[in-house]
């Protein structure tokens, strides 16, 4: 029996509570939702995994990352390249180098390879990024985003650029993504409450002090960075395995801002915040999108207001930053809302 | 040889534009640590002001240009009051994210109230005509822009060295609280920085519009992304750094466009950003980073 | 009592169009905001549907349009397409890029529904991945060839090609097909220059052109406004008098604006495009009619939505049913489908893209003129 | 620890002479209360010293007077309640500060530092005369007027910080640890300077750890410890007090 610390136990409780929420939403959608709603909820869960991957690094190391969508893309493309049947790759990637078009693997092995590739790339980049000061690190992540996007765009022989990379077997459904999201929640929560997570958060609050206590900040940041990238790769795989078609476009600025807004709104310091922010924005934007096209509501014919969803998204970011920079949840995890503080 | 001079001058004018934009970012960053990504939308405000003048059939170029610059300055001031004042004391990350939010809001406001499509503005075409000196052909616009950037740098230098408010802006980059302790109103210093930033955005707007001849909601995003990079490379919040970074970026970009083999042509941006990343890894605070030695703050 | 009964009956009649079987449902999950907002066809579709409904609809049934914004996001587009499919649409429209069209088509296939995309010219949709879709236009090799044929007629020999990977095959390969046709007819591709979308200073590329041994007769670029307008002006002010030739991306009202002060700027500009868009073309007339009806249709791309509606109208009338598969079959097997942008299109031999004439548009005194409007015969064949 | 007497020693000075009166001042750093209800008095033309060890709350008190730190309680300056005023307004009303750590603008020249010190002085000629005046008093600064202030030595920086504060022509000068980190010879120079200022009639609130030097100058002194005033009296009274030594050396 492993002895868990107080915070790890409450972390497990919190993860279980969040998992319950995720299961309830997932099951309710599966049984009562239309196919359209199932798709919506699926993409919300994919975004949730992205936001969780973002939270691991941003929330614990408190360094803004803008490259997360790029790692999601790397995971998606790597898996897609492995899993897509040869006959389709022969059509879609006739000029693929290194025999990339001459093999295909099963989805599980492909996903594993994609995760390893993403982790290795993240590790190599992370070696540099974790050593930078906060804003400098952010700029380098921005550079990573631009560079990865340029490679996707430019190596059309491998990635097809802004054209569709199609024919990826559609092996995932909502059940899968709910399960994976729960796993991601548990991993994030356990990391947060682990010795590494606690030390990393302490070092984010007081870098000098933590360093004086012997905390190896660079090492801890690197661990969080790579773990985040792995979760992002999983999100990319979930995206590719459901849609069956990817391109460079979904892994760029628009997606970066959308997921960043989710994390910020909920509160980047907590896993609960990541979950809350994702669902609030995912479902909130659906509502706004409906209003945008000028529907008739309660007998009032509303005017067309294109751009409303963008304004809402931006306003959420600005207002959160102005009124509650730590997001809705602040430093509180879900269990603190239910369990009376006993420590 | 002529070709080299020609491309060198091109690099100079690219750099002038980036320097102009980067200065606008740097002056705000220097006093409040805010990376103002909404700078691009300030430029777009100038562009849409020109559209408004065209719609009102006001074609006098002086009015159009002055109007665009004033609109950009007012927009910048407004943003300071409405969006950035609440995060004045926040860390750079909070400011950066706020600015991203503001940028998204403004782009969509343009989309909602104007149009997602580019709108032609031809009133500034007259600024652009060919000049030929000793076999080297230049666009007058390139000359104007480079000269404007030089004038702006000189004027800014005079302002920052010769006026109390200018001194306060410089001093604020080091120790804002101490500036307040000399009795200078914090709001005035912030307002001045944003006013200058807006002025620089307005001037950049004139050149961007004269060149592109149209405005759309995303007008400013790409140039400001580049200017931001220039700012970082030169050194966060260092005004000479912003200028240096701007010209350096212009040179790198033209060199990449010209020297990369055609088979790698699509990678220009990737190489530019790679160089940026390398510079940051080499010097994490940029080439001319200002000395940060803030006094004890309470 | 009687009065009330009558009123109720009147209400029932008024409410009738809301009943499922009595409307022709078309779902447009289109980019109204985001990166591709300028290319959305929904305004033209709205206007055309309104016109048809005013004339009594299709076989007496009004058209019911489902339009929602995808924000240019693929996942949203697929979700919305799913919603529209469950609502019982007979035809779908979506984001005009293959990364969205393919998954949408895959979802729609289960319902027997097809996609009708009135403006996508990219070739990869026609590689046989999915077959339940139509593009109402001919792919890029056709537009490239039409432009090249006209260029050859003007005596063009030496050409410079601008390419970019950012717009997929449209911006990367269209210039190469143009070059192929030029070289097949004794011309020469002098240089290929790279560019990015959003370029507002072309001087490095222009310096490259100036450094060529012989000045080019033409430059070809498949790009969008305002970049193209900037390129034209900067080429002219650099003293390069070559033809500037392009594709449908030139088809924007803001291109005409660059000639507002000096029409001669546009004298040596022409482009092969989706539809005739000169002064008295059907598209321009349509846009004016729509404006009178209170719809703002801001250019060729938004106007193409009319084609979607007209094709569906044709399909439903011909099939005599609302079964989506039957409607698609009727469109696919017809010798000629009437649309707004050209006289007619046909999918009989091509299955997924429209066989149609390719208009080449040039300028005279700053005004658009239709130069040619034929189906080119010498299209490169290496694209499919 | 003995709590401070809450009321000011009314017998010490008449109401009219009081320039700065602080009553029941609590100062906060975020959620933490650093000063727990102190009261003190600075009379016109006098040099009052606030003594105490590191962390006693002296600098917090100064910050509360200038408005930088969040505080509750009453701060009256020249018979006007200023505790609701902004930092800038308090400075404009005649308070100037030479803060702890000097905080000179090291990226500006010496001349520019002084110019900023007189930011509220509208009259350019007056400003010029003031600068000449202080340069005459600090010849070392005059020599280096166009050098970046960051190149000065610690003692020179301290002189610059004081000169910068004086450029505002304040009614009261708050000096926060002017001798901190300086060599004994320089410390003497600094205290000589403060003495000169006092002789010229400047009202001074001097915060110091260096009690020996400070008491030589001060007309009256307060001793702070852990956010409270634990003793006060004239320099002579306090100088003889055991409490002072105990507080300052930590030996109880």
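We call the chains A, B, C and D, going by the order they appear; numbering starts again at 1 in every chain.
Heads up, the rule we're going with is that a residue touches a chain if its C-beta (ideal position, glycine included) is under 8 Å from a C-beta of that chain, and two chains touch if they have at least 3 such contacts.
From a predicted model like this one, the values you see are computed outputs, not experimental measurements.
Counted as hops between touching chains, the shortest connection from chain C to chain D is 2. When the interfaces B-D and B-C are ranked by how many C-beta pairs touch across them, B-C comes first. Among the chains present, the centre nearest to the common Cα mean is that of B. With centres defined as mean CA coordinates, chain D is found 42 Å away from chain B. Spacing of chain B relative to chain C, judged by their CA centroids, is 36 angstrom. With centres set at the average Cα position, the gap from chain A to chain D is 53 Å. Chain A and chain B have CA centres that are 32 Å apart. Within chain B, the positions touching two or more other chains are listed as 108, 111, 116, 266, 269. Touching of two or more other chains is recorded for residues 153-154, 306-307, 309-310 of chain A. Contact between chains, as defined at the top, is found for A-B, A-C, B-C, B-D. On the side of chain C, the complex with chain B involves touching residues 32-33, 37-38, 163-166, 192-194, 196, 198, 200-201, 203-205, 207-208, 210-211, 225-226, 229-230, 233-234, 237-239, 252-254, 257-258, 260-261, 298-299.
By the touch rule above, chain C contacts chain A in their complex via residues 32-35, 37, 67-69, 71-76, 78-80, 82-83, 85-86, 97-103, 106, 122, 124, 127-129, 165-169, 172.
Those residues of chain B that touch chain A in the complex are listed here as 35, 83, 86-87, 90-98, 100-112, 116, 228-229, 232, 236, 264, 266-267, 269-270, 273-274, 276-277, 280-281, 284-286. The touching residues of chain A, counted against chain C in their complex, run 34-36, 39-40, 43, 46, 88, 91-92, 153-154, 156, 160-167, 170, 239, 243-247, 249-250, 254, 289-290, 292-293, 306-307, 309-310. Chain contact summary for the complex, chain A toward chain B: residues 62-64, 128, 131-136, 138-140, 142-144, 146-147, 150-151, 153-154, 257, 260-261, 264, 305-311, 313-318, 321-323, 325.
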